[in-house]
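All remarks here apply to the structure that follows.
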Amino acid sequence: MRADVHRFVIATPGDVAALDRAICSGQVNPREIVAVIGKTHGNGLVNDYTRGYLTLALSSLLMKHTGETTEEITRRIPFIFSGGVEGVLTPHFTVITSTSDGAPNKSDQPSLAVGVGFSERLSPADIGREAQIEATADAVRRAMARAGIAKSADVHLVQVKCPAFALEAIRSAKPQPKVGPSQLMAYGRAAGALGVMRALNERPDVHINETQVLGDFGIFSNVASVSAGIEMSATEVVLFGMSQGWSGSLAIDHEPLKDALDINGFYALAKRLGLSPQPQVARHDAARIRAAFVKCEADRSGRIRGKPHTMLNDGDIDQQRHIRGAVGAIAASILNDTALFVSGGAEQQGPDGGGLVAVIVDRTGAAAGA
Amino acid sequence: MRADVHRFVIATPGDVAALDRAICSGQVNPREIVAVIGKTHGNGLVNDYTRGYLTLALSSLLMKHTGETTEEITRRIPFIFSGGVEGVLTPHFTVITSTSDGAPNKSDQPSLAVGVGFSERLSPADIGREAQIEATADAVRRAMARAGIAKSADVHLVQVKCPAFALEAIRSAKPQPKVGPSQLMAYGRAAGALGVMRALNERPDVHINETQVLGDFGIFSNVASVSAGIEMSATEVVLFGMSQGWSGSLAIDHEPLKDALDINGFYALAKRLGLSPQPQVARHDAARIRAAFVKCEADRSGRIRGKPHTMLNDGDIDQQRHIRGAVGAIAASILNDTALFVSGGAEQQGPDGGGLVAVIVDRTGAAAGA
Amino acid sequence: MRADVHRFVIATPGDVAALDRAICSGQVNPREIVAVIGKTHGNGLVNDYTRGYLTLALSSLLMKHTGETTEEITRRIPFIFSGGVEGVLTPHFTVITSTSDGAPNKSDQPSLAVGVGFSERLSPADIGREAQIEATADAVRRAMARAGIAKSADVHLVQVKCPAFALEAIRSAKPQPKVGPSQLMAYGRAAGALGVMRALNERPDVHINETQVLGDFGIFSNVASVSAGIEMSATEVVLFGMSQGWSGSLAIDHEPLKDALDINGFYALAKRLGLSPQPQVARHDAARIRAAFVKCEADRSGRIRGKPHTMLNDGDIDQQRHIRGAVGAIAASILNDTALFVSGGAEQQGPDGGGLVAVIVDRTGAAAGA
Amino acid sequence: MRADVHRFVIATPGDVAALDRAICSGQVNPREIVAVIGKTHGNGLVNDYTRGYLTLALSSLLMKHTGETTEEITRRIPFIFSGGVEGVLTPHFTVITSTSDGAPNKSDQPSLAVGVGFSERLSPADIGREAQIEATADAVRRAMARAGIAKSADVHLVQVKCPAFALEAIRSAKPQPKVGPSQLMAYGRAAGALGVMRALNERPDVHINETQVLGDFGIFSNVASVSAGIEMSATEVVLFGMSQGWSGSLAIDHEPLKDALDINGFYALAKRLGLSPQPQVARHDAARIRAAFVKCEADRSGRIRGKPHTMLNDGDIDQQRHIRGAVGAIAASILNDTALFVSGGAEQQGPDGGGLVAVIVDRTGAAAGA
């Protein structure tokens, strides 16, 4: 198998013209698409409809090309979109394809591997609870199996999208969640992360359970990146790792982010991936970046390295918009690339107050010593 | 003479308790205060009243301590506040003092020098026009003279605050400006920058005039940092440079920023100032940073390094709030400090789409080789 | 001919399930749909993608039912969506159908008549200029002819949607407009209104021309309601009036709004339409309201009835969002209905600082004396 | 005793020039000021510093005129400011004075009576709990006694301002509240309302206690209007009613608001106060309005009269800003006055999903039959 990653900058959340051209020209085979992950123009909060817009535009496009129904497409391909391209960030989506190259991978060098998984439908009452944790864990296990990855240590990113619900859906749920739409999204992200931890056995010393959801921030995944959106009714998982069962020049690696100023984390990862940052990755090396994924959050203590920030007192701009703009700029300035997947709401995804970063690069053309 | 710089983090825009304590303990002599520059909690736009709030709180405090009237204080001390601490930034103000140390400076090494200047009252009709350019230039010349700096090359930062006007003041002005409150602020910032250029003769090849205001972005200052606010009716200038007429361990240097991703600019300046970034300045070196000033702007082409940004299409978050959050985070991640003066609206202050940075450090304790 | 009006409340901008059911049940014949007008969840500004989302969802639905292509549908049916349901307002869309009832209208009583028109593609350089005025006037003339309305006095509402452009499209236009995306939308709305005035000869004493666009607010239409959106490349027009060539129980009437507090205007119109407000329309009469259209704006003097408002100084909430929420609530409180089309940006649509309102009611069941 | 009410429109939250003139001219005796209530320019949320700014500006002004210290002034005069003048509303403050007219009130007609009360300091841990309920009740009892009002039925408005806390204060409180700054404000408002109910015995059938705080929305006050602000550390109360112990032409009355569309409530109150609405109060009658106070809230069911609203799903504009703009416009359109005190967050202040309104008028000049 060989995974490939194609990134498309978009002018609007309905802009699928570039992918249409790539399909028409044969560059992308729509039958080989296994997942689409992207950042859209919206606020990334409850009333962000740009995620649903792009989902509709993409499924309409793929229907046209493959003859599948909407249902067939959405059952096959996770569409994981996160709103919010604050500051320097660029709206885009990344198409991940998987090609069967007929022969088993001969190389002794592992390559980028990818697998997807879906849960059953979840209700508002499941969010943040055992039901969601286990449904997520189950989908992660399936995704890992499909990726042909046996060891958790070879998993570098588990991108999860879980359902969110607007006020009316919450009000009519039985039993009714005790929190509003925005806070329920936080529960969903945290429980999604714990589901990843359970599947990967990230903390063998701990029994992962629902009391830890937003309850113990010392328990966190190092590879889970979870978004929530009202356009979803089930959980979708895209798992990335390295495997000798896959071939090709792409590779992925990841790094935890200690806090919102952890530029050294980005720098270390860029170095390890052979991107030669000084501190910025030069243009020719930046061209080898195929995708980058960042989770981040506004430190809930109200302070970063001892000095106060204002993100959690702000009634004009949501904390997630603040932190995406800030950490996204740090990531972009090191990686020399603005089309990054930067997502706020890193509850239990990376260290408390920090987050994580994963980058996929094309190893072709890297300097020897890198 | 000896300049000193004291930074105070604030919990609210009315929080002058720490300065009160510093005055009571003798750490700051209120008679020696020559300027206060700060970042407050507001949006940094027309309806940002946090600048006026801090001005009132500070002048009330100083009245109490010196017995001066409000008028005497505001005629003597520029209060230059800029709203907007998006992302990781910390609200704070910086008190600059100037002490006569009785003896001429013996050192052959120049030290931080500071001088202030005030213009006459400006009307809405003056903003963006020759009247404002010359009024600013005149105030800059006076500030430079007071700082005892003879050569423009020794000037590293000219912090300017010019008047802005809410809708009603604009409507009743004669002649009435053709633009609304927000756009008039942009004219004011640009004309202020041209005033600095005229005074410092930054571009001897060009006759600085009002047709260039927001008209020719190839003409820009490398040391002007201009803010506008409705709490001002005249222009106030604080000029920083290096001079052998001043003593002490403080030094200032500056660097242009080519664009919003120019992390290498921050890095180069930090290196030159002996802060040993790798790429982040370590904690003990960050403790030697006394103040940092950054101007930045959303690239008006709609693109950064070839990829689109969304800042100029956004109806929810003003472009200035986006860019301050982004570039502020890059600055903070290199300098390892969040209490930075980061200001948007860099029209003709630094390269088009970029801006500038100036940092004041205490040279005491720097590693020898730095 | 007989016009009918079906209103559908939507949960998201992609929610076309209720219309799908209405089509499946035979309540709405998709071939008879002549226009769809709606209010979506977005901010109503440049970066509002909810309008495009609903357009895509509706055209996909209609394709499924009629077998037409997207192009055929969008050439036949104006989709006029305006973002922004601030305050009490309800996201919804209104489907207007036209049925040929085989026989000429026998009644001597006129009924609701409707006609649509489209312009050619417009470029950013056309917006606010003669080209747009005449293109709009031309489309209005065609819509009026299709509606079978001969006299301008019988026209009660001309709903226009004109193109808008994001920053990049403006930057690459030749000649390049001198203003940014948001201000270009205002030019487009004003020129659209002047196009309506020209077609209807609303001001026979005045030669309508481009110098009046945002230039003379004393020149305004009493029936034009114009929105702009980046999802459009041409101007689309839906014209409503009363005609004896149409049958059925629906009727429309309109009223100018003198300013943002003109509750008496809403009240007078409700009375004239037989809705018996006291001052609120009672529930059974409110049930006869089929659609209501309101244009409104923040008084550009900065004052309403002598007292200041803050809408035009606000950097956090756009003035259009403020005024829609305010005037929308007044309209809703009189009409006892929140699913209203309330649109900001009333430049030259109704009196300066005011706007206009038009309401379609079902006359069936009105009390005799009303 | 005679109460008087002076309203001052303000250009900024620091604008006390008109009151300064009124004091200098003898129109207002600063020693007779018993309370100041106002609406300022901010967002009305946690990070609204315009309330503190006006408090500082007013106390500085009064110090100048009376020679009192800040402490003496703030111990004597409640400064109750609420941020948020969305839509048509006008920033202003209302100065309430109480004059001893030397002689007992001879009239058999009751007049406007006013009294104030203060609680002890409250900590974050007290908010929403019994401690706050009883502290508020106690302050209300004192205010009622000072107003010389014996019967609860004669009380028409109890304006309460209770403390709020930013994130850091909450984090360091012991025991630490379980909710964030914004939600703690809601607890504070609800508990304040229950304190008023307890003092006035509004629900003799119910034992008021902390389990009802945000727990039972069927239990609500009809006269409590509670705001919260981080500029407060204790609860301040201004109680208004009618009493034969007071003289003068001013009167107050109030009305519950059933929901956000209850224009009939405003209309009924205006009629009862002799303002002859039709439906708008005519200019000469509007001139007799001295102050109006409105509480309102976004219906927490997500619906108003069966149709959905979007206020509680919105991540761009806070629900309080939406509802103030909407209900404020309805109030202004009936009363023909925009300088109204309209406050969101009506938890347990008026019917669930609704709120309340109280208006002070000058009876002089009212038409006889009114």
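Chains: A, B, C and D, in written order; residue numbering restarts at 1 for each.
Please note the rule applied: a contact is a pair of C-beta atoms (placed from the backbone, for glycine too) under 8 Å apart; a residue touches a chain by one contact, two chains touch by 3 or more.
Bear in mind the structure is a predicted one, so any value in this text is a computation, not a measurement.
Chemist: Identify the chain pair with more contacting C-beta pairs: A-B or B-C.
Modeler: Answer by contact count: A-B.
Chemist: Write down the chain pair in A-D, B-D or A-B that repeats the interface of C-D; the criterion is over half of the contact pairs matching by residue number.
Modeler: Interface equivalent to C-D: A-B.
Chemist: From the C-alpha centre of subunit B to that of subunit C, how far is it in Å?
Modeler: 47
Chemist: Based only on mean CA positions, could you tell me how far subunit A sits from subunit B in angstrom?
Modeler: Computed from C-alpha means, the inter-chain centre distance equals 39 Å.
Chemist: Could you list the positions in subunit A whose residues touch two or more of the other chains?
Modeler: In subunit A, residues 11, 41, 43, 47, 166, 168, 308, 310, 316 touch at least two other chains, as defined above.
Chemist: How about subunit D: which of its residues touch subunit C in the complex?
Modeler: 9, 11, 41, 43, 85-91, 260-264, 267, 277-280, 304-305, 307-311, 316-317, 321-323, 325-330, 332-334, 336-339
Chemist: Once bound in the complex, which stretches of subunit A touch subunit C?
Modeler: Interface residues on subunit A, with respect to subunit C: 11-14, 41-42, 47, 49-50, 52-53, 56-57, 60, 166, 168, 230-231, 316.
Chemist: Subunit D touches which residues of subunit A in the complex?
Modeler: Where subunit A meets subunit D, its residues are 43-48, 166-168, 171, 180-182, 301-303, 308, 310, 312-316, 318.
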